[in-house]
Amino acid sequence: MPYVNIQITREGATPEQKAELIKGATELLVRVLNKNPATTFVIIDEVDTDNWGVAGQSVTVLRWQEQFTSGVPAGIPA
Amino acid sequence: MPYVNIQITREGATPEQKAELIKGATELLVRVLNKNPATTFVIIDEVDTDNWGVAGQSVTVLRWQEQFTSGVPAGIPA
Amino acid sequence: MPYVNIQITREGATPEQKAELIKGATELLVRVLNKNPATTFVIIDEVDTDNWGVAGQSVTVLRWQEQFTSGVPAGIPA
Amino acid sequence: MPYVNIQITREGATPEQKAELIKGATELLVRVLNKNPATTFVIIDEVDTDNWGVAGQSVTVLRWQEQFTSGVPAGIPA
Amino acid sequence: MPYVNIQITREGATPEQKAELIKGATELLVRVLNKNPATTFVIIDEVDTDNWGVAGQSVTVLRWQEQFTSGVPAGIPA
Amino acid sequence: MPYVNIQITREGATPEQKAELIKGATELLVRVLNKNPATTFVIIDEVDTDNWGVAGQSVTVLRWQEQFTSGVPAGIPA
């Protein structure tokens, strides 16, 4: 009866993509640990980019910086 | 000073029901472990049915399936 | 299919007390929101007192202070 | 590569204040544990006052009570 | 930069199995949402069976009941 | 009454360092959002390196790789 919590930034994941995450995470627990899928929970949290920080900055700011460069700034994760 | 997090699907819990959950969880910690209610936190997360998966499917899909059957599909929790 | 996470300091809760928390939290969700107990999860986290802070101090320090006073210091939760 | 989750009531924190929380939490981990800021995550959850309970009541009710008193009720945290 | 938290009962998952969970969850996020694996975190929590409840009982009790029956009790998840 | 959860790998943080994290996180919430320190909780989770994954590998493996290179492998966070 595992519980899986997936946290991502809210940047347009579709219901189909979220369904794939649910299916994939459940299958992973079944395959690796032989868990019962009927009691495997997967909860997806979509977090506003103002509320997710990395490298000391909000993702809102990081995305804005990326627009003005040719890609992800060196050393800052995408 | 306990912290209780209750995660449920967002399916119409009313403010009165949420107040009952807060009151009940607080009283539980006071009764069982003699905790101080003034510093017992209860946080309720309501999760969209697209974002909650069980048995490898989103609750959105499960609820839709239930509408076309006489009840909860065998082996799938309500 | 709710998920309840109860976080308490690790200060000697017995298996019987933890079983009461599990039973009580499950009954609360059944009573208030008519949830199915068979798919209600309750997870208890016991946290070392060095790792739990309140009022800017660890609970280890707070408990030590309490030993040298007649009770909980004013304004600091028990 | 620490992960920091800050939960607050949704009561008007501005993007600038949230950016300060992200910056401050990241710097704290760098200063105390020499963590790499590029892989320090800070996630802020803003919780509706109906969904946050303390002292057995929702913060919605507590805030309403405060309006009719000269301050925070005795023994109830702000 | 997703964060994935997998909670399972502490019942003997090996380092190899946990490595598979980490690899599989990371690949899932890369495949479905094109996330950067270098900044995908996977945290596994192993929870004592006394501290995990389902159907109002601890998993410790459920496992003990299973030993005396031919399988999982009807309606109680494995 | 904020709640802060700090998750780090279990790699020898001392009680003094954890006390600094508690103090610093509490002060941050007081300074930025004028929160009441008496009801600010900080919970630190120390996670075994087998149970923390990044870049699809456990930190146990990453640390072992670092021992055989002059530093952090390119593109993998420290």
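The first chain written gets the first letter, and so on, giving A, B, C, D, E and F; residue counts start at 1 in each chain.
Following the convention adopted for this analysis, a contact is a pair of C-beta atoms (placed from the backbone, for glycine too) under 8 Å apart; a residue touches a chain by one contact, two chains touch by 3 or more.
Owing to the predicted nature of the structure, the values given are computational and were not obtained by experimental measurement.
**Student:** If you check the contacts of chain A and chain D, which chains show up for both?
**Tutor:** B, E
**Student:** What's the chain with its C-alpha centre farthest out from chain E?
**Tutor:** D
**Student:** So, comparing C-alpha centroids, which chain is the farthest one from chain F?
**Tutor:** B
**Student:** Using the touch rule from the top, work out which pair, B-F or A-B, shares more C-beta pairs.
**Tutor:** A-B is joined by more C-beta pairs in contact.
**Student:** Can you compute the centre-to-centre distance for chain B and chain C, using the mean CA position of each chain? Integer Å is fine.
**Tutor:** Each chain reduced to its C-alpha mean, chain B and chain C end up 18 Å apart.
**Student:** Using mean C-alpha positions as chain centres, tell me how far chain B is from chain D in Å, no decimals.
**Tutor:** About 22 Å separates the centre of chain B from that of chain D.
**Student:** Mind pulling the chain D residues that touch 2 or more other chains?
**Tutor:** Residues 1, 3, 7, 21, 25, 38-39, 41, 43, 52, 54, 77 of chain D each touch two or more of the other chains.
**Student:** Going by the touch definition at the top, which pairs of chains touch each other?
**Tutor:** A-B, A-C, A-D, A-E, B-C, B-D, B-F, C-E, C-F, D-E, D-F, E-F
**Student:** Write out the stretch or stretches of chain F touching chain B in their complex.
**Tutor:** 1, 3, 39, 41, 43
**Student:** Which positions of chain D touch chain A when the two form their complex?
**Tutor:** Checking each residue of chain D against chain A gives 15, 18-19, 21-23, 25-27, 37-46.
**Student:** In their shared complex, at which residues does chain D touch chain F?
**Tutor:** 1-9, 13, 17, 20-21, 24-25, 28-29, 31-33, 35-36, 38-39, 52, 54, 59, 77-78
**Student:** Quick one: in the complex, what on chain D touches chain B?
**Tutor:** 7, 47, 50-58, 60-61, 75-77
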